[in-house]
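There are two complexes below, and they share chain A, which is joined by chain B in the first and by chain C in the second.
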Partner chain A sequence: MNRLRLPDSTKVRVGLMIFGFFVLVALVGPTLVTHVFGLSATELDVEHLREAPSSAHWLGTDKNGRDLLARLVVGTRTSLQIGLFAGLIATGLATLLGIAGAYIGGRTDAFLTAFTNIFLVIPGLPLLIIVGSYVKGRGGWWVTALIIGLTSWAGGARQKRAQALSLRNRDFVTATEMLGESRRRVIVFELVPHLAPLIAASLLFSVVGAIFAEAGLAFIGAGNPSIISWGMLINEAGPNALFNGEWWTFVPPAACIALLGTAAGLINFGIDEISNPRLRMVARKASTRLTAVTGAKR
Partner chain B sequence: MLEARNATKYFEVRGRGHHEVRALEAANLTLYRGRIAALVGESGSGKTTLARLMALAYPLTDGEILLDGVPADPRGQKDRRRYYARVQLIFQDPFSSLNHLKRVRYIIGRALRIHGHASGRAEVEAKVLELLERVNLTPAKDFIDKFPHQLSGGQRQRVVIARALAVEPAVLLGDEPVSMLDVSIRLDILNLLAKLRDDEGLAILYITHDIASARYFADDINVMYAGQLVESGPAEAVSQQPKHPYTRLLLDCSPDPDRSDSGVVDTFDDELGEPPSLIDPPPGCRFHPRCPFARDECRTRLPEATTFEDGSWTRCWLYGEGGQAG
Partner chain C sequence: MTSSVEVVDSGGGSAVPPPGAEPLASPGPKRGRRSSWVYVARRVRFYLVATWVAITLNFFIPRLMPGDPAGAIIENLRRTQTVSAEQVRAIQRLFGGSDDPLWRQYFGYLNQLAHGDFGISTAFYPTPVSEVIGSGIWWTLGLVGTTTILAFLLGTGLGILAGRRPGRGFDAIAAPLSTFIGALPFFAVAQLLQLFLAGKLGWFPDIHGYDVDNLVPAFDLYFVPSVIHHALLPAFTIIAGSIGGWLLGMRNMMITTISEDYVLLAEAKGLSPRRVMTQYAARNAILPSVTGLAVSLGFVVGGSLLAEVVFAYPGVGYLFYQSVTSVDYQLMQALFLIISLSVLAANFIADSVYGLIDPRAREDV
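Up next, the complex of A and B:
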């Protein structure tokens, strides 16, 4: 069956293209930049400090004379890695704890809900800053991702619990239980597919949220200075970049962040349609009807 | 085969104070091999509760469910699976009892796999096709890869029945299996169930509002009112010589050209009344606020069962203190 058919919506296609572009850059960009263009993200060059974009340095150089294109490309990989890793942790925890609580119910649910609520009321960013400052410089990008993932799952867990609760007492779940299906299979094969749109959408937004969180963390100086990421690039541009007219130091990474956010929003339009076959049919029928109506008018 | 003995279920009501809904009180019902027992009553009388108790959907407040004379006491997954291998419930609403993300092949195939009746792609497919043909979804090949939303209500209910049959159960509990369906399809489904009884000796519980269809199709009729069984007996006896005033009311509400006596209609005024609250049920016989024959003892004491020669019994003061009657 054509499960992987590209959605018809233009919005979704544009979103996917932007997202795909960033993924491509993250995958092959660093190799391409170093080995084909011969640029280095870390090499200092005191002859060329704070240079505007030129044919030698397409995105200019920073205050230490490092090539900004190379740094942006390497930063893309780091930011996406952090986003993906943190997003997977957050969504995985949210899905597991949310659905398990709702389905099993009773004391397990009460305990999991209380646990979720505690994480929910801890203010996210300050916690992130404190932990971020504490582990500063230790470990690699994945430590940052781990911290973000472990602090941002609570809201999603509540959301998934609520959705799973409404599914839990539906007849088809009871019917499956009355076939003698195991709890694990009911959760994985009956409940999760129904929550797939929600899980996919929240994964997408956790990924983007984690990228934002890392950027914010790095921007205020609580990031890991040994890694190169979009947030770190903006941080390194410094507070005077705007007044000195050094736009090339902060506009490209900021634009990348904004573009990725836009792409996520666009893709979200299509997620519901992909995972809900009934919606797909309705959409198609509606468009046929629309053509029929407009055709009749002409 | 399957027996509910003294089955009682109270549901707690949340909110201020301690309330409970007495959904079902001391119901005794036995299903026999190769027989269809109908359970008749109006909405909220506890029919579905009884069926779901017999399907172990919730724990009983009191009483027990016996399968082949052994109390069903599911402790874990394995016990439940063993029970469901023998007893299957058919839901009222075929639109909600199928997962709309799954194809018919998966829905029925899972039932086969769980109970070890088929394994491997080819064998499952062959068995699913066979089941679809048994429930008259033909050509079966056209239906196996459909999603539930591509099927009509009657076709869905057949899939639900096929899923229940895939387990190869001994008992089918039909919770208003035809009430959501179009009148033109109802008879097909009922005939299908009757065929399963005759050909394979299934014990079937048929829950309905419609006492006329119960008479047509069932061997025994059990009448329920406000959480209690009020009359029970062979289908002909209950539908032709109803004893309990409530059974008469039900029969009067459904047209039946064969019925001989027509005098009862007038005994009820135009006001037929409403079923009582189950949180605070009336004392004595629960039907007395609506009963044209209500007497003093009806308002205070619940009558004992009176057994008749035609094999039926009822709980009504009209027939005395209980025991045997002519």
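Up next, the complex of A and C:
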């Protein structure tokens, strides 16, 4: 029962709750919006163009009169799909390349490390924009996710390699080797499960990173115009939406991205405190002082 | 290149080699000046390979696209403008639409690059791509270069302050604020600042790199102040957007370093707190930040490009935006190459600095 224990950190919990909220919206939101509220994300309405939020359209309408609440909810699903798919690709590649390099060692490791480092120093967003504008409009959300996943694995691979290096000469690995297990089996059934918490955490950050990347890609105009995502909503709002006064086209998708980013930041902070006891002491000192202060006030 | 010594990446990242570092060989007897030359030589070799990969990627990406992208683009262009035969040929050449074998196309491409020939821009027809980029690169180098260095220095400095007394005083505000701002997408920070500082308060101009209606570019008393005035808001945006990462990284390393024994010893010797913090704690804590500079540079540059779009700043990022919206692949690819090569060059400098300030990096060569 107690196997899936949440870390004992308020920051991590709040972060995970925000995540959970978006996952819930992505799962049931689109159905709820169309069948209960009777809104459509794609229906054009030439009589209500660029309208500010009202009781009929809670988040207003866009330049084609489409309801922005419905588009935001559908966009949440697409953005999370892109994030999850791209995150899985990036984390999968990073885990495979990083751990394989560290475990096999020698020339293979030297080659994989050099390969990873090269992709680490080539700037990601410009590369993504180039590939994005060549595939523009082809396929669905998954093409966008695929190119994001294929261009964003390098940082993770480096981290996995460093972690796997520390495991390579541990007794349980040697024991498995003595039993005559193949390299592949050692990697898949010994090393990967051992690094599972780290892989899970990096999957989470890859997902958020991919959602940010999609937004950046769409913002500069190299997104997929046939999908509805947070990035495409921001793209449709235009680069000066706030300045031009059409805040309702820009604020909701940007706030969603920022909220998700904050959640990732909180979780990152919390994980840092868990993994680095010195940081944790700081947090504890601060909170005991806080309770001391509030307690004194009571 | 056998890796006999293991590098263990501790959570704080204190033992992270620079991104170009190869698996470490056992530290040999080579020390001092000679080893720093070996270190630099290794870095040069790595960045030469990285440059070659960037150039080759640039060649292969359009050729790997399925279907007939050249035909689709020419069709697309015909809808909005008249397309000259020369443009058609340029676009087809870009996608490898010639009968030459691939290797000949590749060497032809390298030859063109060597002569700085990137073809003709279709968005700014008939200006050559190299001229278009030449008009934007200085704006970006000035803006992004200055602000990246400023953000790094400011962020690291403030990180030292925050890490000195963690959880109290300055840190109690700085750490959560940095987390929040770091979570905002760059273009959102840019639009918010544009709305409030340029729109509501009117302190800064909202768009452009100088007063385009009344001035012509010249090195005079009217143009230069206008350029500075227009650069302030984009610069502030880039600094505000990227300072938090440096601050948090430095803060966390400071907290880790402060509890080291040698810092305690320095305090016990009765050295002034200021000296202990700067000479003993900060000097060691800063090393991962310098390594981080190389890795996050690509990220910062990407973000700055988005800021340029919001402010219609006439640099490389805005050109990128224009090339994407007007489907100008010649310009786009040349921009990718220029940006990648600049980031690689900056990385090389950061790596070399790392080798200078951390003798361990040199010994490990």
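Criterion: the second predicted complex is superposed on the first by the 242 of 298 C-alpha atoms of A that agree within 3 Å, B and C clash if a C-alpha of one lies under 4 Å from a C-alpha of the other, contacts with A are read in each partner's own complex, and residues count from 1 in each chain.
Definition applied: contacts are C-beta pairs under 8 Å (C-beta built on N, C-alpha and C of every residue); 3 or more make two chains touch, one makes a residue touch a chain.
If you're wondering where the values come from, they're calculated on a predicted model, not measured in any experiment.
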With the two structures laid over each other on chain A, which partner does A:Thr34 touch: chain B (first), chain C (second), both, or neither? neither
Can A:Pro193 be said to touch chain B (first), chain C (second), both, or neither? first
I'd like to know which partner A:Gly216 touches here: chain B for first, chain C for second, both or neither. second
Which partner does A:Ile130 contact after superposing on A: first (chain B), second (chain C), both, neither? second
Looking only at contacts as defined up top, I'd like to know whether chain B or chain C touches more of chain A. C
The shared contact residues of chain A with chain B and chain C are 278
Of all residues in chain A, which touch chain B in the complex? 170-172, 174-183, 190, 193-194, 277-278, 281
Of chain B, residues touching chain A in the complex: 55, 57, 77, 80-85, 88-89, 91, 93, 96-102, 110-111, 114-115, 147, 149, 160, 163, 167
For chain C, which residues count as touching chain A in their complex? 1-3, 6-9, 11-12, 16, 19-23, 46-47, 49-50, 53-54, 57-58, 61-62, 65, 69, 166-168, 172, 179-180, 182-188, 191-192, 194-195, 198-199, 206-207, 252, 255-256, 259, 294-295, 297-299, 301-303, 305-306, 309-310, 320-321, 324-325, 327, 329, 332-333, 335-336, 339-340, 343-344, 347
Using the touch rule from the top, collect the residues of chain A that touch chain C in their complex. 105-107, 109-110, 113-114, 117-118, 120-127, 129-131, 133-135, 155, 158-159, 162-163, 165-166, 168-169, 212, 215-216, 219-222, 234, 239-243, 250, 254, 257-258, 260-262, 264-266, 269, 272, 275-276, 278-279, 282-283, 285-286, 289
